[in-house]
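Can you read through this structure? Questions will come right after.
As written, the chain order gives the labels A, B, C, D, E, F, G and H, with residue 1 at the start of each chain.
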Amino acid sequence: MTNKIILAGFGGQGIILSGLLLAQAALLEGNEVTHYPAYGAEMRGGTCNCSVVISDKEISSPIVNKPDILLLFNQPSKNKFEAKCIPGAKVLINNSLINEQALRNDISSFYIDATNTANKLGNIKIANMIMLGALSKITGIVKLDSLINAMPEILSARNKKLIDLNVQALKEGYGLF
Amino acid sequence: MITGKILYKRPKTLKDVNMSYCPGCSHSLMNKILCEIIDEFDIQKKTVVIAPVGCAVLLYDYIDCDSVEAAHGRAPAIATGIKRVNPDNIVISYQGDGDLLSIGMAETIHTANRGENITVVFMNNAVYGMTGGQMAPTTLVGQITKTTPSGRNPENEGYPIRACELINTLEAPYFIARCKVTNSKSIMQTKKILKKAIGYQINKKGYSFIEILSNCPTNWGMKPKDSNKWIQEVMSKYYPVKIFRDKGEA
Amino acid sequence: MNKKILMKGNEALAEAAIRAGCRYYFGYPITPQNEVPAYMSKRLPEVNGVFVQAESELASINMIFGAGACGARCMTSSSSPGISLMQEGISYISGAETPAVIVNMMRGGPGLGNIAPSQGDYFQAVKGGGHGDYKIIVFAPASAQEIVNFTVLAFDLTIKYRIPVMILGDGLLGQMTEPVVLPEMKEIQDDINWSICRGQDQVIIRSLYLVPENQLELHNLHLQKKYRSIEKDLNKYYEQYNANDCDYLIFAYGTTARVCKAAIDRLQKENIKIGLFRPISLWPFPKEEIISISSKIKKAFVFEMAQAQFEEDIRLSFEGKKEIKGFYKLGGAIFNDDEIYELIKKNI
Amino acid sequence: MNKKNNPVINTDKCKGCELCVSECPVEIIAISDEINIMGYHPAYITDSTKCTGCIKCAISCPDAVITVYREE
Amino acid sequence: MNKKILMKGNEALAEAAIRAGCRYYFGYPITPQNEVPAYMSKRLPEVNGVFVQAESELASINMIFGAGACGARCMTSSSSPGISLMQEGISYISGAETPAVIVNMMRGGPGLGNIAPSQGDYFQAVKGGGHGDYKIIVFAPASAQEIVNFTVLAFDLTIKYRIPVMILGDGLLGQMTEPVVLPEMKEIQDDINWSICRGQDQVIIRSLYLVPENQLELHNLHLQKKYRSIEKDLNKYYEQYNANDCDYLIFAYGTTARVCKAAIDRLQKENIKIGLFRPISLWPFPKEEIISISSKIKKAFVFEMAQAQFEEDIRLSFEGKKEIKGFYKLGGAIFNDDEIYELIKKNI
Amino acid sequence: MITGKILYKRPKTLKDVNMSYCPGCSHSLMNKILCEIIDEFDIQKKTVVIAPVGCAVLLYDYIDCDSVEAAHGRAPAIATGIKRVNPDNIVISYQGDGDLLSIGMAETIHTANRGENITVVFMNNAVYGMTGGQMAPTTLVGQITKTTPSGRNPENEGYPIRACELINTLEAPYFIARCKVTNSKSIMQTKKILKKAIGYQINKKGYSFIEILSNCPTNWGMKPKDSNKWIQEVMSKYYPVKIFRDKGEA
Amino acid sequence: MTNKIILAGFGGQGIILSGLLLAQAALLEGNEVTHYPAYGAEMRGGTCNCSVVISDKEISSPIVNKPDILLLFNQPSKNKFEAKCIPGAKVLINNSLINEQALRNDISSFYIDATNTANKLGNIKIANMIMLGALSKITGIVKLDSLINAMPEILSARNKKLIDLNVQALKEGYGLF
Amino acid sequence: MNKKNNPVINTDKCKGCELCVSECPVEIIAISDEINIMGYHPAYITDSTKCTGCIKCAISCPDAVITVYREE
């Protein structure tokens, strides 16, 4: 079983980080994983996305051109990626920032009020964790526990103090569905 | 529609597009100022801006003048090639501190030393912006960057280089100044100085070197306002804002 | 066994270098390999090593020339434009025979190009972008784990043969995060009695030999002899994937080869007998093996993110014996498995 | 002397850097809670009637998204 | 007709450049081509041209990048180590498509090597020593007169195709004095409406195309298309010497080819049917002609002052159809006709 | 056989071979002086001389110390690599004006700026000796060379660069001096200064830059004596002989 | 008919210049010519030599490895080149600086007191012209007149004033045999 | 104080640059008419009895071919 996931949004929304957390969690569960950021122009701003592949066997291509799971954090990402996913794909949409109209009817769209929920939790930056929590619940691709266990590996050198907040956000997202 | 006399509007030479610089970045500001000056001299059609490798690499997407995109650090050499072929065009070499003072040190000094009749705009933001915040030759002692994780240590990395002072040891340059753009007042002063420099070029006076103490809110990890405050309070202590040489006044 | 951890290709490379005994890094930032100097600037001081951010790639390559002259395990890293600037230095180091590990995480060219993955520097790496007759060992890993393994090997070989060893990756390999198992920290006991600073009789590290006939010609013949023996020693670095009993064989290396595997899996399900031959060392090139395998197939395909550069070496091995059809992606564009699948289907 | 001034911020293109805010001597520029299409919180004019037309905001706006008009 | 005068290769080249309309020269001294800048520094001011001694070869190549961006007929010259330093710049100029004539009077390498004639930079010139996929036109003259003729042609082609054109000589060709007939001073009327400084709408000279798929890939495809059309246009630059009805054919270029002729004369006197095929343009390589001639002979010999560099292109053309035996001189050593004679005798 | 106390003899570190420099060339002299100092400090076995590309490229054929032959202009980068690996060795970068100030400008300044604990011996002979007498960055105004056939013209070629003055704008260097070697007296003074510099290196004080006003009788087209006179009367007017900085004395 | 000539001596003896004059004279007589200096190390001093080939047909190789005519200006040159020339070669020896002992008996050696004669004419530097004058007389490979006519082409930019002196030296050398 | 000094020039290796000549305070160094094996006119000592042992000649000899002895 191989899952091909794309996470996409603005720079600054923690897209890359959440992709890494997802990969780490999947690794903890014994999977093969790859994570590849579309690092784009050598500059700030603009859109930002990354591909995560999770599989039970060796992963040949780390590039995802037709995702089966999509996490969309802002409107431009939806415009760009919705059309690319395979029929039957699961599409998680941060509808704090994205209008709800799905353009395709052969996919399953899930709406998560991630940014607003994050705001309520006191930090707009943890919208990414809300999304991941929801992902765990919706797809079962990784367990919530794995995400939580993966946290220290990924945040270690960075904002360790924020781990608790992030875990809370994961749970919140998980609880939304 | 709003009407009335326009007190300030976007300069004509600045294209009507979003500049991809980060919010509050001095690059945006100086691109705008350059365009204002080009408009005021009415030299849009004869100006050539050399885009450096650095955050300003897409300069030509914002400034509506002929442009050549240089290899990293070589803008002054390219400017030399252009100016020697077309002495009547106005050639502006716009460069960051990594570009101008690190990899391009030799070209910077030799172009200044030949006294090429060009204008160099030197964006000193004490960091490599485009590549994500590594140490620049102008990074201050103690400043933390991606490649000085415990702060710049002069024992290992040496001291920040003062470009104006360095170039001021050469005979040929006509005009050398260091400016800042931390508020509207200093922006106005800077514009005056840069306009003077370009005026000198128009009048075939020779080489000008205008250093701008610039911010990089993104890589400094500061809000734009705080970054300008840091320039004001820290950076300009090490890099004094002043006119180093003005042969036109001498 | 050490534990599998997630690491970005660039960081895995840097840590592997340190575990392989590298204590001297000189480099200049450039995307997509900035994680290497960033990592080194933090990590090297912890192991009493030296990190210097050079003023340019010219300075970097000459700093490792100096460090290498001391017999040190030393490294620099860059990406395409920066590697171009090192060509004179690489030629000097080759002539002077000092150790040096050079990393090129290739990006789209020519010129400033972009920062997307590319394989456009194949000729430069393999044929010699600098002046004069020299060769450098070139490894093209295809995963974070291979980056680790071949970085370690690179240091052993550069010391053993006193020849520059290049790790030729690309933006994808540098930026991708994958699980890796890191080796233990290596104890170094290098035999460097040819090097300077040992307080013995004069040692000269040079590449100038003024008189052609009895100096530089001899020196070149010595170099060529060394190259022939390296070719003999290092002829086993390639991977075959479903390559036995094939009608069709794909030749590809690095990132491109990975994507090809995905396409091969699909094609095999349709009972198309197709496999992959992936050289890992690009110089020495596994020519013998390719010659022998070429006789067993009907047709070969070459995929590369460059315009028929790698393909030339395949052609030189095939010598016209079988048909070769090449497919190229240029300017930082990457093949995806669907495309490869389609192209193969159309061309068999 | 009592001509009305009109500072106009192009909200779609404002990056919310706040540099104009502190420049305004009469403190009539604020940052919005809304997010614009680029994902930034843009600046807006709280009370244009107080504007002196000093153009300090416009001068200091890096992205040149402020235009200042004077009623004629 | 103009009168035959004695000129040193380097000076003939410089004067030919001026007569071909070159008014901008930027260069840095290096043996064995120092007569070029020396001559230019004197001669250019006489024709209202500009001579600038650059601070380095890096500066030189970027100065001609700037001058070329203005559509000017401009030139730089150097020798092997200096040309290595230009590789980044050549890649940029290729990507940006500005005109540039670059002279490489090759010397012995690798590294500082020596200043004797060599052909060790063949790969660098022909395969691309810089990063990314690009090609430059490379002419390899074999006499002072050819230096003159191909320098003139180089300027026409660099303007026509906006591609760097290299004159690939060596220390011997640069230093040798021979009679030449110089062309008249050319009137220039170049169509350069793509260039900067014409007071029109914005012109951008760039090589950065950030988005791979719809920018840099397209740009590369455009470049490749241009290269294919140049290959079609420039397929006639080669010389055959006694090459009709041969059993054996020598492949060689430049200086080496000249020496081969002397050996061929001797061998023919002994009724050995042997001739010479000498490519003059090394890229485009006269591949079609070589393929067709390869079918008519028994065996081929390659002579070059390098280690099997030029030979690779011969092999790529032959595709294994006939046996090829290569002979190499390295490090600035030159074949003499006796040696070639002996080698052929021993190997037929 | 002559016996007696030896008042002066060829230094031990100077190999017993003919140096291939032209008659009367300052390179010969400075090779000799270096060897004298190395002998006096007894550091032959721990000294590394970096040979430049220039007339002194064969330095190691005359000076019996470990040596690396640099690429043109890159000697300071190589010196950096060596010194960072072996901080206890004495590293001397010996360079001509083309090497150090033209193609090697960036490496020169940055190595000085890092304050690498090395000694740079800068042979300023106002010309490219090895390649047959082209203009150097230090060629005087009006001086005729192979590439300035009507004399160096500042309008086109800029002004001669003063290396010590340039480097003196940097924080890190420990000792900066300009010397001449036009007669036995100035030779003695120069030796004292260079010995001080190397002493500083031995004591880990940091970077020294010692410029030597040198002759090139061959390319100047002068007899050696006249060339030294020209240094005395013309060259040292533009390039004042003095100690620019001595942190050891401060 | 092809002649392969090597001129060899110290740097400063005008070797290259005399080779060029010889080539120019031969060109004036309608021959094909090449001149190739062995420019050696990028430095002064040491030995110096050049090859001149004169032929009535296209010259393939400009390199002379077995000369049929040798002009030797100093002892090291004699040591180096005498052994290389073909049997029957004509070897002109500046015996002001070279001892007279020929090492081979299959060649014709001619001794010319060039440096001393030049000294007598007031300029040691014109020994090269004495040698060339003698060459013309001994070998007939170029006429004296051709050498004289070639002079302005070669000396033009350099020491025009010295032309007379040089011509005198040519004649002097010619007259020695 | 009346010890004899002995300046010795290695004539084979002297390049005849004449730099020692003008250094000698007692003017006892001259240039020979002979040519040495390198093709140079070497310096020689005209009257060593006058030598003061000041070693100025040796110091200024670029090629280090002068040795100065003092009788013991």
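Here is the rule we go by: contacts are C-beta pairs under 8 Å (C-beta built on N, C-alpha and C of every residue); 3 or more make two chains touch, one makes a residue touch a chain.
Remember, it's a predicted structure, so these values are computed and weren't measured experimentally.
Least step count on the touch graph, subunit D to subunit H: 3. Touch-path distance (fewest steps) from subunit B to subunit G is 2.
By number of C-beta pairs in contact, C-F leads when B-C and C-F are compared. Spacing of subunit C relative to subunit H, judged by their CA centroids, is 60 angstrom. In whole angstrom, the spacing between the mean C-alpha positions of subunit B and subunit D is 26. Subunit G has its Cα centroid 84 Å from the Cα centroid of subunit A.
Here the CA centre of subunit E is 38 Å from the CA centre of subunit F.
Counting partner chains per residue, subunit E has residues 31, 52, 55-56, 58, 81, 88, 92, 96, 111-112, 115, 206-208, 210, 334 touching two or more of them. In subunit B, the residues touching two or more other chains are 21-22, 57, 69, 71, 102-103, 105-106, 110, 114, 130-132, 137, 156-157.
Chain contacts: subunit G has residues 40-42, 45 touching two or more partner chains.
For subunit H in complex with subunit G, the touching residues are 35, 37-39.
Looking at the complex, you find that subunit A touches subunit D at residues 10, 12, 45, 74-75, 97.
Of all residues in subunit B, those touching subunit D in their complex are 2-11, 14, 18-19, 21-29, 32, 183-184, 187-188, 217, 223-225, 228. For subunit F in complex with subunit B, the touching residues are 102-106, 109-110, 113-115, 137, 154-159, 161-162, 165-166, 168-172. Those residues of subunit C that touch subunit B in the shared complex are 28-31, 34, 37-38, 41-42, 45, 51-53, 55-57, 81, 111-112.
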